[in-house]
Structure formats: C-alpha cells, structure tokens
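For reference, chains read A, B, C, D and E in written order, and residue numbers begin at 1 within each chain.
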Amino acid sequence: MLNASILTWLILLPAIGAVLVLLLPARFARGFSLVLTLALFVMALHLPAHFNYSQTGGFQFQRDILWITNPAIRYHVGVDGLSMWLVVLVAFLAPLGVLISWRSVGERQRAFYSLLLLQQTAMYGVFVALDLMLYYAFWELSIVPLALLIGIFGRSGSGRSAALKFFLYAFIPSALLLVGMLWLYAQTGTFDLVLLRQQLHGASTGPHAAGLWLVSLAFLLAFAVKAPVFPLHGWLRDGIQEAPPAVAMILAGKLGLYSLLRWHVELFPTEAAHVAPLMVALAVIGILYGALMALVQTDVKRLAAYATLSAVSFIVLGIYSFSAASLDGAAFQILNESISAGALFMLLGILYERYGTFDMTRLGGVAARLPQLATLFVITTLALIGLPSLGNFVGEFLILSGSFSAHPALVAAATVGVILSAAYMLWMVQRVFYGVPSNGAALTGTDVNWRERAAVWPTVALMIALGVASPFWMRALDRSLPQVAARMAAVTAPMQTASARLYGRTASAR
Amino acid sequence: MSVPIAWYLILSAALFSIGVCAFLIKRNIISIFMSIELMLNAVNLAFVAFANRWHQVNGQIFVFFVMVVAAAEAAVGLAIIIAVFRSRNTLNVDQIDLMKL
Amino acid sequence: MHLALFIIFGLLCLGGALNLLLQQHPINSALSLIVVMSSLAVLYLLLGAEFLALAQIIVYSGAIMVLFVFVIMLLNAGLEEKTRGSRAAYLAGIPGMLALFGVLAGTFFTLRSSFGSARLGAYLATTHDLAQVLFRNLLLPFEVTSILILVAILGAVVLARKEH
Amino acid sequence: MNQFLIFILLTLLKIAVVTVVFLTAVAYTVLLERKLVGRIQNRWGPSRVGPFGLMQPLADGLKLFLKEDLMPSAVERPLFILAPIIALACALTSIAVMPYGRDIRWHGVDMFQIANINVGLLVILGVTSIGVYGIALSGWSSNNKYSLLGSLRSTAQMISYELALGLSVIGVVLRTGSLNLRDIVNLQATHGVLSWNAFGGVQIVAFFIYLTAAFAETNRTPFDLPEAESELTAGYHTEYSSMKFAMFFMAEYANMINVGAVATLLFLGGWSSPFGHLFPDFGGPVVHALLPVFWFVAKVFCFLFLYVWVRGTLPRFRYDQLMGFGWKFLLPLAIANVVVTGLVLAVHG
Amino acid sequence: MTPSLHLWLLPLLPLAGFVLNGLWGRRLPQAMVSAIALLFPLAAFAQVLWICTQVSSFALPHVERFATPWIAVPGFHANFSFLLDQLTLVMLLVVTGVGFLIHLYSVGYMAHEEGYWRFFSYLNLFLFFMLTLVLAANFLLLFVGWEGVGLASYLLIGFYYTKDSAANAGKKAFIVNRIGDFGFLLAMFLLIAHFGTLSFASVFAAITAHPTMQGGVLTGIALLLVLGATGKSAQIPLYVWLPDAMEGPTPVSALIHAATMVTAGVYMIARTHVLFDRSPAALTVVATIGTATAFFAATVAVTQNDIKRVLAYSTISQLGYMFLACGVATYSMGVFHLVTHAFFKALLFLAAGSVIHALGGQQDMRTMGGLRKKLPVTFWTMTAAVLAISGFFPFAGFFSKDAILAATYMAPNGGKIFYAVGLFTAGLTAYYMFRLWYMTFFGAPRYTEQPHEAHAGHGHAHGVHESPWVMLLPLVVLGLLSLAGGWIGWPTALGGNDWFGHFLAPVFRDATANVQLLHAEPSAGLERMLSVVSMLAAAIGWFLADQKYRRKPLAPEEPKSAFSDLVAHKYWIDELYGAVVVRPLLAFSRVALAGAVESGIIDGTNRAWTRIAGAGSNGVRRIQSGNIRSYAGWLAAGAAAVLLIVLYFAHLY
C-alpha cells in the first residue's frame, strides 16, 4: 500500500513543510525542519527496504496517473536502482543541512528553512519524475530556491550577483530544454519516459533526425550547465563561494549528472554516442582544469568549487564511456561525491563559523586548536582524493577502469587528476590546519560540538561504508545501468565498425 | 433577399480597422478605451455571423463572454482612468507616462 | 427587406465608427459608439440572435457606454489636445487601417462563396438554445467568468475609492 | 402580398391608436397627480379649465407648445436638442411590446399587442436603459453645473437601481421560463389573484424591489434627487423650456405609465381578471375582447395612484442614503430572491 | 578442504588497536594506550608465528576470501581475498616482528610526546594497511594497502604538524607516492582491459597459459608497475620524498621508511614477477633504476651531516640493491636483502634515535662525537648494524648483498656494468656508514650538555644518558638479528645450504622456468671470489673513512669542488623538480588557466553575455517608453504580424 504512495509523500511533505515553516514562529523553524527531514529520511529508507532487487530494468514504486489530458501530461513517478539511492541520498543530506545551518543562519530563519524544504521537494521530484513535463517542472523548481538561498543568505555582498549568475546559467538552457521537450511531444505525442524511449528508438535515422539532434543537444546543454561540465562552469565558483554550507552541499553534481544519464543518454542513445567523444574530452579537460585551478586558489571555498568541477567531470567521463563498469561507477560516484563533498562543505561551514574567513593566507594551525575538526577534515579530504577503502576510490576506479579500454589516452590523462587532487587537497589541509597558528590571537574558537559531530560523523561513516561494502549499493544500481550499457553498446557497435573501416584497423585489440 | 455572410464579415473588418486606427490616433484615454470596445464589437459581429453560418449557438455564447469581459474591463479600466485622472489631472495619454523608467 | 435593413444599419454602423474616429470630443465619440452598438444589435437580430441583440443593447449601450458617458461627464473631459506623437500616430494609423481593412476584406471577399449567405428567419437561436449550451456545456467557463466580473467589481471599487 | 399589406396597415393602425391613447393618458396622469396631490395637501388642484379642470392638460400643452423656444448660448446644440428626444422616444417605445388584452387575432394580426417578441421583457429593459442617455446628455449639454450635477445624480441612480430592477424580474422569468410577456401573463391568468406572481407566485419580495427600483428609475419621490428644486434648482431640466421641457415632462409621466404597465404584466396578472376563471364569460365577443383591456388599465391606474400617493406622503432621501439603499439593501435582497426562487423551483421543478 | 588460518584476523588486529586508540585514546591513560598499542601487534605477531607452525600442513599458496565481494560490477569484480605463500610469510614475519619491536621501542621514545595516543593509533593503522598489502590476493587489495601505508606514512611524517617542514614533508611524500600510484592505477586499468580481472592467480594463470605472450602490453603493465614501485620504494626518479620523510619521529623512519613500507615496491615486483619475466625490457629498466639509485643515493649519503638523512639515503641506496636483484630476475635475493635490510636498517634508525634521544633531539653529526662511552649498548648494537650494512662477513648484510652482486655479475643483460657500479657502491656504503660511526661515537665530544628545548618533550634530558630498557631491548634483539639474520641464506658456495632461497623457490619457480635470460649457474669458486672482492671493497671504504674521520674527527671543511657541491646539494634534484615540474605547473595554472582561460574565456563569456543581455535589454527597454500610444502601436504591429502569418504564411507550420 505504501509502496505506491511513498514517492508522492516524499515529494509532498517537504512542500507542505515549507509552507508550515512559514506559518510557525521563527524559533521553531529549525527544530521543525530537523524533525521533518529526519522523518523523511526514515520514510526514504522504506525504498531500499522494499526495493525488489531481483527485478531487472523498469521502475518500481510507480504511480502513473493522467494529470492533464491535452497535452498528455502524466503524474508518473517511480524509481530504479539509481534514482532510489539518489532519493535516499537527498533524504540523508537534508537533516545534515539543517543541523549545519543551526547557528550560521541567524536572520530570516523561516525563509531559509522553507526554501531548503522546497528545494527538497524539487530534488525528490527530479529524481522520481518519469514524465518529461513533470520532470521539467521540478527541474525548474530546483533552480529557484537555490538561487534565492544563494542570493539572500550569501556569504558576502556578492551573493546576489552569484545567485543571478547561477540563475541565468541554469535558466537560459532550461528554456532550450523546454523547447526541445515540446518538439519531442509534437513528434511523439507523449511526455512519458518509457514511451518516449520506445518511440525514439530508431528515430535517429528517421525523417526527424536533424531535429532530434538539436533537441538532444538542448537537453545536453541544460544538464551540462547544471552538472557542470567544463566550459559551462562559469557559475560554479561564485555560486559555491557564496552559498551557505547547506546549499553548497546540493548545488552542483547530482541533479545535472542524474539528468544527463536519465534524460540524455537513455533518451537519445545514438546522439549521445555521437557526442560522447566530445563529452569525454571535456570531462578530462574538466578534471585537469579543475584540479589545476584548485591548485592555485587561496580561498578554501573556491578551491572546493574547482575540486567539485574536477570530481563532477570524473562522473561525466564515466557516464559517457558507456561501459557497464563506468556507468555503475559513475552512478556510485554520484553518491560518494555528494556525501564527501557534502562533508567538506559542512566542515568549511564550521570553519567559517569559527573564523569568519575562507582565506588560506589568514588561516593556519587550526589543527592545534581544533583537533577534532582537523581529524574530520583530513578524513573527508582523504575520501575526496580517492583513498582506497573510502567510497570515492571505488567510484573513481570503476569509472576509470571502465572507460580505459574505450579511451586509453584520455583516461590516462584523467588519472593525472588523481595526483593533482592529492596535491591541492593536502596543500589546503596543510595551509589551513598545520603549522603554527598564524595570527594566534584571532584563531580561537571551540572544537566541533555535538550538533556538528552529529552532522559530520554520519557522512564519515558512510564514506567508509561505501568504500568497503560497495556491492550493497551496487546491487540496486546493477538492476538498471548494465542495460543502458548494453543498449549503448548496441548503438555504438555499428559506429565503431564504421570508424574502424574508415581508419583501416580492426575493432578488437586482442 | 439574402445577404452574404461575407458582407457581414467585411463590415466587421471595417469596424475593426477603424477601431485599430482610433486606438492608434486617439489621444484621450477614454477614447482609446472606446476604440477597444469598438474592436470587440467588430469581432462580436463576426462571431454572430459565423454562428449564423454554421447554425451553432457557440458563436453567440462566445459573444456573451466577450461582453462580460468587456464589462469587467470597462469597470476596472474606468476606475483606473479615474484614479489616474485624480493623480495626474489629465486624460491625455501622451502625458500619462509614469511607467517610463 | 433583409438587404435593406442590412444596408441601412450597416451604413449606420460604419458612419458611427467613422464619427468615433473623427470626433475630437470624447462624448461625441461615445455617442457614435452607442449608435454603432445599437445598430449592431439590429444586425444581430437580422442574423437570428435576438437574445444577443437585446443583451447587446442592455449590456453595451445601456451599461458599459453609460459608464463611459458617466465617466466622461464626471471627469469633464474636453477636446483632445494635439501633441508631438500625434503626427506619427496619424502616419502609422490611417494607412495601417486601410491596409488592415484591405487585407481582411480581400480575404473575406475571395472566400465569400464558402461563407454562404444569411436569410431572414432562416436561423433563430432561441433563449432556450443559448441556455442549454451556456449552462450545460460551458458551465465552468461561465462560473469562471462570473468570478472574473466579481473580481473586476472589487478592483474597480478599490481603484476608484478616494484615499482617506 | 395581400397578407403583408394587411399586416402593415393593421400594425400602423395599432400604433396610431396606442400612441394617441398613451399620450392622452400621459396628459391626464399629470392632471391626476395635480388633483390628487392637491387633495392630499387639502386643496383643490386645477379646477378652472373645463369641468373639474379636465381641460387643464390641453391648456398646459398649448402653453408649452406656444412658448418661446429658448436656446441658451453656451449649450452643445445638437446634444441639447437630442437629449429630450431620446428621453421621450425611449419612453414611448416600451409600450410597443406590451400586451394590453387577450390574444385576439383579426386577419391573423394580434390586435391587443403591437409586437409580440420572444424577448419582450428584454426589449423593455433595453429601451429603459437607453433612456438614461436622455438625462445624461441633457445635463452635460446644458453646460450648467446644476444640470450636470442633476444628471450625474440621476445617471448614477438609474444605473444603480437598474441592477436591482433587472434582478427582481428574474424571479418571474424563472417561474415562467420565458421572456415573452404574453407567456408571463398567461401563466398568471388561470386563478386570478391567486396565481399572480406577486401573490400566488410568491414573488412579493421581487414585487417590492421592483416597485422601489421603479420609483427610482423614474426619478419620482422619494428618489427625485436629480431635480430636487431646493438643491439643484431643477436638475437637468434647468436650461430647458417650452417643447423640449415638455418632452422631458412627458417622458417622465410616460415612464410612470410604462413602469406601471410592466409591473402589472409581471406581477399582477396583466390583462387577466383578478378573479380568473371564477366567472364564466359574459357578454358577447366585444366584452370578451375589451374586458381584459379594462382590467389592464385599472391595474395600471392603481399604480399611478400609488405613485402620486407616495409623492404626496414620503420625504426625499439623502443622496448617500439613496445609494446605500440601492446597493446595500435592494441589490442583495434581489440576489437572495433569485437564489431562493431558483432553489424552490429546482426542488419543486 | 584445509582449515582456515584466519588470515582476515591478521590485519584486523592492528586495526582494532587503531580504532580503540584513535577514538578514545585521548581520554585513556598513557599506560592503557601503550598496552593497546603493543598488544594488538603482538597478537598479530603471535598469529604469524602460529601460522608458521601450521604452514607445513597447508598447501601453499593458500587463498582465503570473504564471502561478500568488495566490488562487483558486470565485467569486473574484486574480492576481499588474502593470499598466503612463502613470500607472504616472510613479509609477515618481517612486518609483524620488526613492527612489534619498533612499537616497543616507541613506547620509550615517544613517552613524553604530546599526542602519544595519536602516534600509536597511526602506527597500528600502518600495520593494518601493511598487512593488507602483504596479504592481498589481487592487485586492487594490494593497492588498498599500498595507498593506505602511504596515508599512514603521511600522517606519521606530519606527526609534528605544527612544524611546517614536517607537514610539508608528509604532503610531499603523499603526492610523490601518488605519482607512482598513477602508474599503478594505469597498470590495473591495462590488466582489466586485457585480462578482465585483477586477481593475481587469474592474471598469472592467463599469462602462463600463453607461453608466447611476451613484451608488448606486458612490458607496458610492468613498466607502469615499476613507476608505482619507484614511488613507494623511493627509487629514481621518485625518491625525493624519502629524505624529507625523516621529519617524522625516528621510530617511524625505522619502521616505515626503512624496514617495511619502502620495501613494498620490491615486494610488489617480486609478487608480480610473472609479468616481469615476460618482459626483459622492463627487467632491464628495473635493474638500471636500481643500480643508478643505489649509486646515486650512496654518493649523496657521503655528504650528509644529518644522521637520519645519511640513513635515509642509505635506505634508498639499499633499496636500489633490491631493485637490482629483481632486475636481474633473482627475486629471492631481493627479498632476502629486504629481510636483512629490515633488521639492520631498523636497528640503525633505532640506534640513531637512541642517540638523538640522548642528545635531546640533536641530529647533526657534527655536534656529536665521543658517545661510545656514554651510550655503550647503543654503540655496540650500532656497530653490528654498520658491519652488517657494509657487508662484512658473517653479518647479515654480507650474505644478501653478496648474493645480489654475484647474481648481477652472472646476469646476461649488461650485468657486468651493474656489478661494477654495485661493487663501487658497496665500497661507498662502507665509507659513509663508517663515517657516521666515527663521527658519532669517536673523537672528542662536540655536544653541549644542556637541556634542549628544540625537541618538544625532551626538556627533562639532563645530561647524555643511555636510553631506557624498552628502547634498548629492541636494539639488542635487532643487533642479534643483524649479526645472525643472514645465516638463513648462507650460500652453498660458502658451505651453507641457502635455506632461504630454497624456501622461496616455489614462489619464483615460474621465473626460472620461463625467463628468457637464463642465468649461467655461477660456479662455487667464482662466487667465493666475488665475495672476497666485495669484502675488499667494503674494507677499502672502511679504511678511507677511518683515514678521514677517526684521524681527523673534527672534520674540517671539505674542499670545495663542483662535484662535491653537486653532491652536497643532492644533485639539485629537488630544485630541478621544482623548476621543471612544480613551478611551471603552478605558473601554467595561474597564468594560462586562471589568467587566460578562467578570467578570460569563462568569465569573459559571462561578461560578454552580460553585455549582450544588457544591450538587448536596453534596446527592449526603449520600447517600454511608458507612452501608452507607443504600446498601442506595438500591439497593433504584433497583431498585424500574427494576422499576416496566419493568412499568408500558414504553410510554415
């Protein structure tokens, strides 16, 4: 019984909560949000508990109701292995976001928590929507609260311009996305993901091939900006720099990456296969570029922003390599990246609460004062640089090893990113935490308190759990992603033989 | 003697064109408003003519809706005009350009 | 009979409309418009829309235009003044009007055979017919429109009320 | 062709007869008012011209007709002339759709109604609403502040009360299911008083609303603010004289008769006997034809009497009271009446 | 069905120690911390010993694996599986045995340090990862240990994190190791691409199943693995981190940067010898790297004055020997040297630590001297170690180093050159070791007897004194091992039975079977002669050191020459890397990326869009004149456009 409605509840409750928060007295806002998000997390755990791990392909916990007759927009929600974990992830990060904002958000608490909850709704919606129009609604909804949160609760005066940048970057391609969607609808008469996939099957050689190409590019652009992929990351630096920690945790990555996978690769296999070399190249450039930029930053938050670019690019590489391992790895890495980057942003938030700066030249020797914070920070850092036995390593390894046979040289270049990530991360740790406290008097402050520990330790535990027990998560991912890989293989096989003929070499190296 | 529907339509077109023209060249805001009403009426005529042509009452029903909207519009519009007149003391549209940034 | 009535009231309509355009004083324009509307009511009658014709008179001539006249009187509107933008408006408006009329009339004229013709008494939409459609098929739009007009009333009251 | 000619001739005959009778009635309504008001104020009223002053209307008419037609220099001439014409024309038009006797046909033409129109009631309402322009334009074209104020007041008053008036008749229309006046009367004809809309049709509230609104529509006391002599000298009449004034004057009394006739038709069974079919027909076909006309005239006369009576009895409203009464009392009441009637009809269907 | 050896317990024991101390150590009393820290490695050592007793009843190699896989995706999966064979057993003994001794030593050495609990939790963590590394039955798990020990190394080098140089050194170690790991990772990708698995057994089985498979991809994989090994084992070109790693506490240097972790590269090459056997080119590269590193590091060691840095370069040099052994496909010799080196180098570090401890943190040999009497135990154990490393009979180093040199001499691929360099290096080794020996223990005391505040926590050290017994006990044990540890590999040519070689033979059996570069079996006489020659080289080194440093212990300013300058500055390698790699990279990032691309293209695009949008809005704004009639005009124009489209361009849609 609950199976059919659980997703609807997950979408609805935060929205209702968002309204209630506005009605409550301000002093109850954060407590209410915490209780609500925790409850939602418990509810979200229903999904993995009742997920049918033996069902290959298809969606579960589905709900499919006709919403609007003409145009045929359906309220169609459901999850597969990938989106299920993403939903759980969102639910997991939400209470942490509330906890970490406990003190740092002083004014306009109601607005903050209301927007945060609204953003929850949007994210759940994006991950579970199986109708393109429904998806688009949530996609757009996810942009607005984020922009507002950055703009209103931004760190400094430039929060508004950062918000504007983010908004425009996210919004303008979304307009193209909408046009593309409507074109698709005009051609197929449906917005439903499953039906669209069937109808578009083989359409790439049909009479509307050119239009399909343009539409796929519109989709790609919208998602690539949100991910972000290399040259489209113009909003990322300022956005992350200004965003409060609870927002920075959810700003980049999963929404765009998930959408790339679900609404670009799955929907337009042929076009995705054609554009894949470009995406892989951009991903590798992004990895190296982000890493090198991170290397020369003096602002910790900016460094984290470029590190995010680098990490996201890894996942893009995995997605567009189309092998089962790389897709699994990419999906898995979305979880890892969200958790570890989330932890990083929380810790940076804690740091900022203490010292009011992100400038590494003004920080230093923090470990001597706040050893626990340093410990947590180092663990998070290690996860981010892909230390084996922590989650990110598994993801990165699967991505790289899965992509290797398709693009050996590029993957080798991408692997350099692993070296660089260690360089900039450890350099940051050293400059912030090690050494003698630089301006001793200023660097006071208390070590992490219980609330902050409650926020960060679960992520640390998860990093380890993801790192040593990946099959637990992979079990669900494996129900859907290898099929994508198989379909992509079927699509790319003729292309490869064609190019092999072109270059006069055999497809098989062995 | 029967009258071709096209004549009604041409009459409607003529009224509409005159309405557009009045809409453009009138300077008194109330006159402009009236030219809008004229255009609405022209369209109504076309609706009624079509209703006759197809023997469908829906065309006439639509005229009702237009009338209701026109009434609402007149009520609000004239109220606005009164409010504007109170503050600007003129009805000349060229002098009512508060919306300019 | 039909043709004669059509010509008489059609010309009345056109004359009223042109008078509306040419008159400098809004009250004259308003009266011209009343003539147009009343003539239109007759045309409606010719087209077999008797309820609509009376509604036209009551709503347009009797209510809306009274409101206009009332406001014109209330605000004591005078002659229109010439301003800088007038010339441009004339230059754009009159040729535009002629072009628009040419285009529309030409289109209708070329398509005239497909429109057929109307005979007096050939078609009569009774009140009962109208009611059937309006309150059965189009009940929801009807109700929505009623809300619209309610809102309009409230808006008018709020807008026109003097600030205390 | 022959048939058409007969139709045209008979219709012209009807128009001529009705117009003459109507105008005469208007003239004598003035006399009636003066006489009655005189009695109410304990004086005689006009009594010198003719026996009991019965020729007084003729003398009045002659006077106004022969008076110099003053044309003030500041007025908007066309409109100034147009206004009384509109007023009178509209007042005289309404009678065209009213049935004043049984549906008795001669050569296929209904002799007791000039035009039987499906939406007759609407025609009356529409013509009445057009009549507003007469007053509005007269005030504006006079270029006189008293005139303008009077006509503004009058216009506002008429627009306001027109709503209540229109809504009050909806109950009747709901009962009948038709806008045809003959249908409306026929429904009330069966059981006399008991089946009249005002009583048996339980439209007594609507009747009251109609009555009140009709007083206001005709600018009669206690709603005669537009021409309140003590405040506005004479309202929109101020600049008018001679024939033009006479036209307004006639229009006002014609409207009184119109309103009375409509009330009779809608609420009091029109030309039908108050006893219904209680008494079988007596007399010949002439009596059969003319008795309903008598009933009709008698009922209208009662109304005119009431008008005068009220004028002689009630004081004038204050303007804000007038508006408040119209919008805040009559209109909601009318709406409530419509709702209740609708519900009752829906239940008893 | 063989009973389980509970190999999983082995790494988990130190992990338990790490978790206990890491989470609650701050609040525990010091004794408790020590107990935890010692007990778990001891238990692990005991288990290894128990395994040794059981091993005869098992078929080796013995694989144990967890039921649940670690990574399982379609087309690839990796298990938590542990492999036990002779090589592993040797490594286990070294790691747990020497590891435990050094733990014991640390209890004394670190007794007064702040963050005592932290130190021991890190040490236990290191043991955990090192045991994982050694036990791993596939490349991926090996890589876990590989990176893990790097982490532990990073943490321990940076133990004094308030010291910038320490933090820097830790970071450098990690990053340089990462460069090596880059190779390792790529090697794994290649393995997956070509074999679809990372399990040692499967990969090696696949290779042996194709006798003709040689070179090509295998060389590529092997060379990438070598890159990894050079990082971890501090070989050219990635050795630069090891000298800096001496910033860590001395027991760390002994355990990680001498005895165990740095030998992981050698272990890895030995473990994956099947790959190397099939690619002579890779072997040659290994041998070349090893020889070059051995020589090069020895020359640098000669000029260093910091006692720990001398030992660090010496370690690099000795690791070079091990590489050389692997490079000539005598993996067992490499492992043998690994074992003996673990004994004497750990001893050297611990003894040096004892000296430093005694001097209150002083590490510069020029301020030592004459400590022979003050620190007798330290002196004698140190002497054993010096003799061992110099390769004097019958000390441990003699057997292993001699075996390597002999094998090199016999190797067909340019062995003579390697031998010659190796021999010269042996002489150099003796020279710099005795230089250290003389400078530290002989001559007049040059130290000042006062409490030194420089070394935090040693303020109590009033006067130079011998270390407490917890520190001396490991010294003695290791001294004995340095003396006798090599006897297990007593070569047949010198009347022994080379027990060690035979013990390891099953592991490397394939090597001798498949390798293309078959060694000519050295004759006993030749081998004896080579031993004498290498002894001679060592003796010459001793003699020169004696001449220079015992006679003139004050060690006057050495004559400046271009070469000595070069050597003294460690061949400017750090500076070279800085100038060639690091600084250009940073400059490139700053100028080309941050300057040109980010603020030029990316932000420029932003600005351009802003400007376009601004200009567009400005244009549109003009339309919003506020004049109602102009609005009316636009409205009419729009309506006209719609009308036109509907009437005349209907075919467009």
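FYI, a contact is a pair of C-beta atoms (placed from the backbone, for glycine too) under 8 Å apart; a residue touches a chain by one contact, two chains touch by 3 or more.
In this text the structure is predicted, and so the values were computed from the model without any measurement.
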**Path length in steps (a step moves to a chain that is touched) from chain B to chain E** = 1
**Message:** By mean C-alpha position, what chain is farthest away from chain D?
**Reply:** E
**Request:** Report which interface contains more C-beta contacts, comparing B-C against C-D.
**Result:** B-C
**Item:** Centre-most chain, if every chain is reduced to its averaged C-alpha atoms
**Value:** A
**Complete:** Taking each chain's mean CA coordinate, chain C and chain E are separated, in whole Å, by 93
**Centre-to-centre distance between chain C and chain A (centres being mean Cα positions), rounded to whole Å** = 58
**Message:** On a C-alpha centroid basis, what's the spacing between chain A and chain D, in Å?
**Reply:** 78
**Centroid distance [mean C-alpha coordinates] between chain E and chain A, Å** = 36
**Prompt:** Multi-chain contacts in chain C: which residues touch at least two other chains?
**Reply:** 51, 55, 63, 67, 72, 74, 85, 89, 92, 96, 100, 104
**Complete:** Where chain E touches two or more other chains at once, the residues are 627, 629, 633, 636
**Prompt:** Every pair of chains that touch: which are they?
**Reply:** A-E, B-C, B-E, C-D, C-E
**Prompt:** Can you name the residues of chain B that touch chain C in the complex?
**Reply:** 1-11, 13-28, 30-31, 33-35, 37-38, 41, 44-45, 48-49, 51-53, 55, 57-58, 60-61, 63-65, 67-76, 78-83, 85-86, 91-92, 94-95
**Message:** Under the stated contact criterion, what part of chain B meets chain E in this complex?
**Reply:** 20, 23-24, 27, 29, 32, 93-94, 96-101
**Item:** chain E-touching residues of chain A, taken from the complex the two chains share
**Value:** 165, 168, 231, 233-234, 289, 292-293, 295-296, 323-325, 328-329, 365, 367-368, 378, 382, 387-389, 393-394, 397-398, 400-402, 404-405, 408, 411-412, 415-416, 418-419, 422-423, 426-427, 429-430, 433-436, 468-471, 474, 478, 482, 485, 510
**Message:** Which residues of chain C touch chain E once you look at their complex with the stated criterion?
**Reply:** 85, 89, 92, 96, 100, 103-104, 107
**Residue numbers on chain E that touch chain B, as the complex places them** = 621, 624-629, 632-633, 636, 639
